[in-house]
Amino acid sequence: MKTIIMLTVFILLAGSRVLFAGETIAVDTGTTAWMLTSTTLVLLMVPGLALFYGGLVRTKNVIGTMMHSFAAMSIIGVIWAICGYSMCFGDSHGWCGWNWDFFFLKGIDASVNAETRIPDLVFAMFQGKFAIITPALIAGAFAERVKFRGYCVFIAIWSLVVYNPLAHWVWGGGFLTGTAIDFAGGTVIHISAGVAGLVLALYLGARRGYPKIAMHPNNLVMTLTGAGLLWVGWFGFNAGSSVASGIQTAQALTVTQVAAATGALTWILIEALLHKKATSLGFVSGMLAGLVVITPAAGDVQVAGAIALGIIASIVCYGAVIAKGKLKYDDTLDVFGIHGMAGIIGAIGLTFFLRPMDGRPEFLTQLWYQTQGVLISIVYAGVVTFVLAVIIEKTIGLKLNETDEMSGMDHSLHSEHGYGLLNLN
Amino acid sequence: MKLITAIIQTDKLERVHEALVKAEINRITVSRCTGHGRAAETDLYRGQEVAPDLISKVRIDIACNEKFTDAAVKAILESAKHGEAGQLGDGKIFITHLEECIRIRTGERGTEAI
Amino acid sequence: MKTIIMLTVFILLAGSRVLFAGETIAVDTGTTAWMLTSTTLVLLMVPGLALFYGGLVRTKNVIGTMMHSFAAMSIIGVIWAICGYSMCFGDSHGWCGWNWDFFFLKGIDASVNAETRIPDLVFAMFQGKFAIITPALIAGAFAERVKFRGYCVFIAIWSLVVYNPLAHWVWGGGFLTGTAIDFAGGTVIHISAGVAGLVLALYLGARRGYPKIAMHPNNLVMTLTGAGLLWVGWFGFNAGSSVASGIQTAQALTVTQVAAATGALTWILIEALLHKKATSLGFVSGMLAGLVVITPAAGDVQVAGAIALGIIASIVCYGAVIAKGKLKYDDTLDVFGIHGMAGIIGAIGLTFFLRPMDGRPEFLTQLWYQTQGVLISIVYAGVVTFVLAVIIEKTIGLKLNETDEMSGMDHSLHSEHGYGLLNLN
Amino acid sequence: MKTIIMLTVFILLAGSRVLFAGETIAVDTGTTAWMLTSTTLVLLMVPGLALFYGGLVRTKNVIGTMMHSFAAMSIIGVIWAICGYSMCFGDSHGWCGWNWDFFFLKGIDASVNAETRIPDLVFAMFQGKFAIITPALIAGAFAERVKFRGYCVFIAIWSLVVYNPLAHWVWGGGFLTGTAIDFAGGTVIHISAGVAGLVLALYLGARRGYPKIAMHPNNLVMTLTGAGLLWVGWFGFNAGSSVASGIQTAQALTVTQVAAATGALTWILIEALLHKKATSLGFVSGMLAGLVVITPAAGDVQVAGAIALGIIASIVCYGAVIAKGKLKYDDTLDVFGIHGMAGIIGAIGLTFFLRPMDGRPEFLTQLWYQTQGVLISIVYAGVVTFVLAVIIEKTIGLKLNETDEMSGMDHSLHSEHGYGLLNLN
Amino acid sequence: MKLITAIIQTDKLERVHEALVKAEINRITVSRCTGHGRAAETDLYRGQEVAPDLISKVRIDIACNEKFTDAAVKAILESAKHGEAGQLGDGKIFITHLEECIRIRTGERGTEAI
Amino acid sequence: MKLITAIIQTDKLERVHEALVKAEINRITVSRCTGHGRAAETDLYRGQEVAPDLISKVRIDIACNEKFTDAAVKAILESAKHGEAGQLGDGKIFITHLEECIRIRTGERGTEAI
């Protein structure tokens, strides 16, 4: 009788109307609701990033720069549904995963995950947004001097040969799964994007005139707006990575909020100390550092740890950006200086602030796991990106020629102008 | 008639405008421009001090009759300067000869129309 | 005993604290959460649309154009709560529905739908956002040359005599309910708006100088931002239309994402082929075509179908826009070319890609149902819009006079300027 | 056996994996999902406010004004997690609450509220967003003439000595809890911010040249965008304040939508009557008045009441803004005229439109409760703000000196320019 | 050669441009400016009528040979006026002497290059 | 003293500026303008090629002493041209006589003040 009652209860209560032969997995509508929301929030980060990056370049490149984010949204959007999900979360085959069932997402059309109780498609879409945002982040490193065609091909292949394998290793059942903690993508997303950005910035060389000519943000209002959307979207990014709607979700959201606030505050305090001014760009840079640093750690540290990580990340990233100025390489929007550095600090630093919990490995073991994850991510992303960049540059071309760079990407690549309002019309 | 063109710092527009009005010069045309002179203003960009190549300035054009020229120049000189000693970047005044001036509304010409 | 246990379980578990006399319908907090979120997301599309449209007109009309969307938000917002919901979802009386209980939403203040298990008010608000966005879409067709007063009166009446009946027929229990598939509003929203736009564009005539004088978008950055918000909001639009938080929701979200990505990609590939440039406006146009085409189909096609529909929609809409240029009529922002055309393709084309499912009508039957829905929608919206436009133009006036058109709507209708920053202030 | 079954059901169904010794509180994933979403939506209001306010000031102050909102996000963000939550929702000690367990949110790391069934952290974060937005609102009253350093110190202390106690009294178990109805913050948020703004505007004096020199909004497009985000975010604000995902949530969302729409419509109708023009700034002012007025009332009035309150609020606020013009004091962005006035109307006016419900106090009793809440809020916020302002002005300085005011905050305080695009770059 | 500078109302740009083209003057340079004259346009700001200090205007620069000057001025005068009587704020035309004109593309100078 | 006004293509600003600096002309004033000449640049608008009526240009104003005039013109001519042959739309240089120049900071006048 117990069984009968339970089944009745299942069917009546759990809001699920799809039952499977043999096994009965009811959708948890609440968790599903939050994961759908998270998916939407992470998607919101893409226009957020477009605004953030777009506002920082010169007027003549604003559309071209925004298009980098948007292009990722569509190119990776398609690739992911076709084969990306399969490569990341299919059955493990060493270098990457694969599962013919996941091809075109056909086999998961109506399936529900037994543990999280959300439809598999929701998870696939949530993860897809991460795959979209990662190459979009890289674009900041070589902003203002890259061909659109080359960029599109680059991110498509990069996603296949760098992102998908890495995500598989860390999250999808690959050889790092279960050792390195990477809650929402410190290594997979920020370190890999940061390192790829650095490699490309170095390989493609600086913009004409850099660093002699000052290159002003064309629209800080836009950058601040984008930063706001990024903060908001990051709640989906981190809290969604719990793939639940419960206590760990709440924990992740809390530390995300605290780390972002701390990072921002730290950066403007540094500026206030050194220059007696607090800039808005400093604010959002610190905020970003805080958000990135907490990304790998969001499920596993507490408020005090988040504050500590936020402070450290802001200080180190501030230093990294200054160092770039000294070293005179042209990582246009500091993808390495902020995403790369904060990602590394977060991935390794989280070990020091882990929430006490049964069954954790020893401190040093965990520290080694983390370091290993970081190193593998750096080396793999670095090497493969370099090879890929060389191939694309030599074939279809990646770096914009000088004339087009001077006309600006908007005119030369897209035949458009960002701000018609500047003209009389 | 003369055409006075002054390039001044943006934060002085309000004061110069007031000074001109006080000097009974009520009609002016103002536009944004960007200047490269000896001044070096710094912006902060992610912790680095950056001296932009081109600095925002304001351009004021005043068409006036000869007898008002000196008053106009004086008003600008006094109101556009930063502090007693002036600052690099305080700007310039250029004067050219204006051959004709026509009021579109009425078609009046010459000194009447200024 | 079974009953006792079950009741206890209900009360304790289902998060519901409101029980009704006789029947006991517990709110499903998860589904409710997602529907609340969807409502919010669809509302976000209104400022999204304001940005999208606003960026495409000339500087002097930017505020006036944004106000079209905002005005819809408030005018339809009020009307819907008073009587719109009743007309759409009240008991069927042929031309429209009506239920005095729904007047001022009084009778559903605390009721819960037995099937979806969400409060009726949530459904009413969700549907209300659709009623808001539809007239706002039309505004693009006669942008830059319409009186604000006439526009306000027009959308108020249009909503009552076109939208509400149509929605009632297709969704509210009217004569098309149960035959034509229109998951989230292909016929009700996009076709009706597209056709209404076309009629108005033809009736009001072109803007002064069109097509001789090139009319540049004043702010493509704004348009891209708006497009981003539209993409994000569309998740609420389509996935919310499942009125659930489960598998169909996930399916709808997935194909929405894929169709948008495919549409955008297709359009820029066409441009790249024909002009060797990929424009941002092309990107968002294709994205929009993809989003519109999947709207009627979102619950019933799979990933491969979404890709196919996205490609077809982008190609056809591209053609439609070119054709408009040739035919020289002035559908300012291509409401018909994009919403109308993609809506038609989606509504009919979905028949070819339906997810296999028991109990579906035969292919040809379904195709006829769909065609019928499309035709009724075109004819009804077209004729009534025309009559309405004539009446309003002849009485209070709809078309802006030439002087005001040349000064710009912002100055002549609203006494404002969009960008004070262009002046010295 | 009953117990065994129930426990099994609990564990299997309710999606909760964290059980507590002795008591077993399962997380309601649905309610949690909506509360997480609400938290995110309220956070979205902060960039929304930054855009709203930022667009209304002059070009030279756009960044400085946006920074006011962003700074609140980070400063209060940190303070709240450290001690703000404890002061508001800790055990009552008269002036404020306190609970060492809540210090750094340590003690609620994994606890679940027995009644609402959401993790306590979610509630803490949701409430934290309210604490952030309140000081950010005040900033509008003395926009364009305040030192950044002084402002930062001011909001930090104001939050501790004004906001936290007030919130504790009304919501956290203090002496007003259970008497005055303040669903989502009419007294705690809008009245306190409005009054604080008024006091500061009077104390600091007007901007140079006010009211002789016309001070134009630099970017109404931005203001409209911000208004859109505010409307969207307000759904989280009000509907989230039900701390549920059920019928009351739906009710709150509905009246929020209706009041905003009515307020906006009323304002532009007034303008149309008086000036034959309907402005976009009028639209958003009315919208804001409607949103504010419904904030204290959202859970307790119905659609008709929302319409009435929206109309009244718009009319009164319109009058208040005109009165300000006559009285010539410089509340730059009408924080008192809109937030203060509409907050007062809402808090008192709601008594007239309460949803009939058992157990309500008598009309006059309730009216007295409401008036009492309003008066206490006005007097307390007014006096403490004044004292605080004087102290800060005399020590580190709050009012910008004239030279810096003329150069603009962006240049003098932040060394930045909002719109690089105006320059050639 | 003359340099004609006209400050006109923004809503007249299209018409003036058309009139100039009809008068066979095809090359012009246009820019935004802000003017302070006798005109007082009002904006609405939260129910208050506000007369901005500085009003948006358009500046048109035309370099032309002597014989075209009158035609140009005539075209502007006719097309830039609001109504028969003209309006406050309709603008001004300024004419200065142009010493030299050089076409960058070819290096041509003088009247050829206009 | 002369006032040199050059209207050039936007993508050449950087090069012209560099060329001027090389010719020891350090002070310039730059502004945005929109030109209508013989050039026809096309933009893409939803698949249609659109030739805007007015094209973005940059205006450079240089006040200089007579002896620098030729150097300035030469620098501009060389750096502002697209390719060897030049392009439609490369722009124009206008030269007018400058009667007076005053440095606001110091009040110096004439050739000193340039």
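Per-chain numbering from 1; labels A, B, C, D, E and F assigned in written order.
Convention: a residue touches a chain if its C-beta (ideal position, glycine included) is under 8 Å from a C-beta of that chain, and two chains touch if they have at least 3 such contacts.
These numbers were taken from a predicted model, which means no experiment stands behind them.
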Shared interface partners, meaning chains that touch chain A and chain E: B, C, D, F
Residue-number overlap at the chain A/chain D interface, same or different (half cut): different
Chain pair, A-B or B-C, that carries the greater number of C-beta contacts: A-B
Chain B and chain F, separation of their C-alpha mean positions in angstrom: 20
Averaged-CA centre spacing for the pair chain C and chain A, given as whole angstrom: 31
Touching two or more other chains - residues of chain C: 5, 9, 13, 28-31, 33-34, 37, 62, 213, 216-217, 219, 225, 275, 277, 279, 281, 414-419, 422-425
Where chain B touches two or more other chains at once, by residue number: 10, 30-32, 34, 43-44, 52-54, 96-97
Chain-level touch network, classified as line, ring, star, complete or other: complete
For the chain D and chain F complex, residues of the former touching the latter: 424
Residues of chain A touching chain C in the complex: 5, 8-9, 12-13, 15-18, 27-34, 36-37, 39-40, 43-44, 46-48, 50-51, 54, 62-63, 66-67, 70-71, 73-75, 77-78, 81-82, 104-106, 109-110, 112, 118-122, 124-125, 128, 148-149, 219, 222, 225, 413-423, 425
Of chain D, residues touching chain C in the complex: 2, 5-6, 9-10, 13-14, 26, 28-31, 33-34, 37, 41, 58-60, 62, 117, 215-221, 224-225, 227-229, 231-232, 235-236, 239, 244-247, 249-251, 253-254, 257-258, 260-262, 264-265, 268, 272, 275, 277-281, 283-284, 287, 302-304, 307, 355, 418-419, 422
For the chain B and chain E complex, residues of the former touching the latter: 3, 17, 26-32, 61, 63, 96-107, 113
Complex interface listing, chain F residues touching chain E: 2, 6-8, 31-38, 53-54, 57, 59, 73, 76-77, 80-81, 85-97
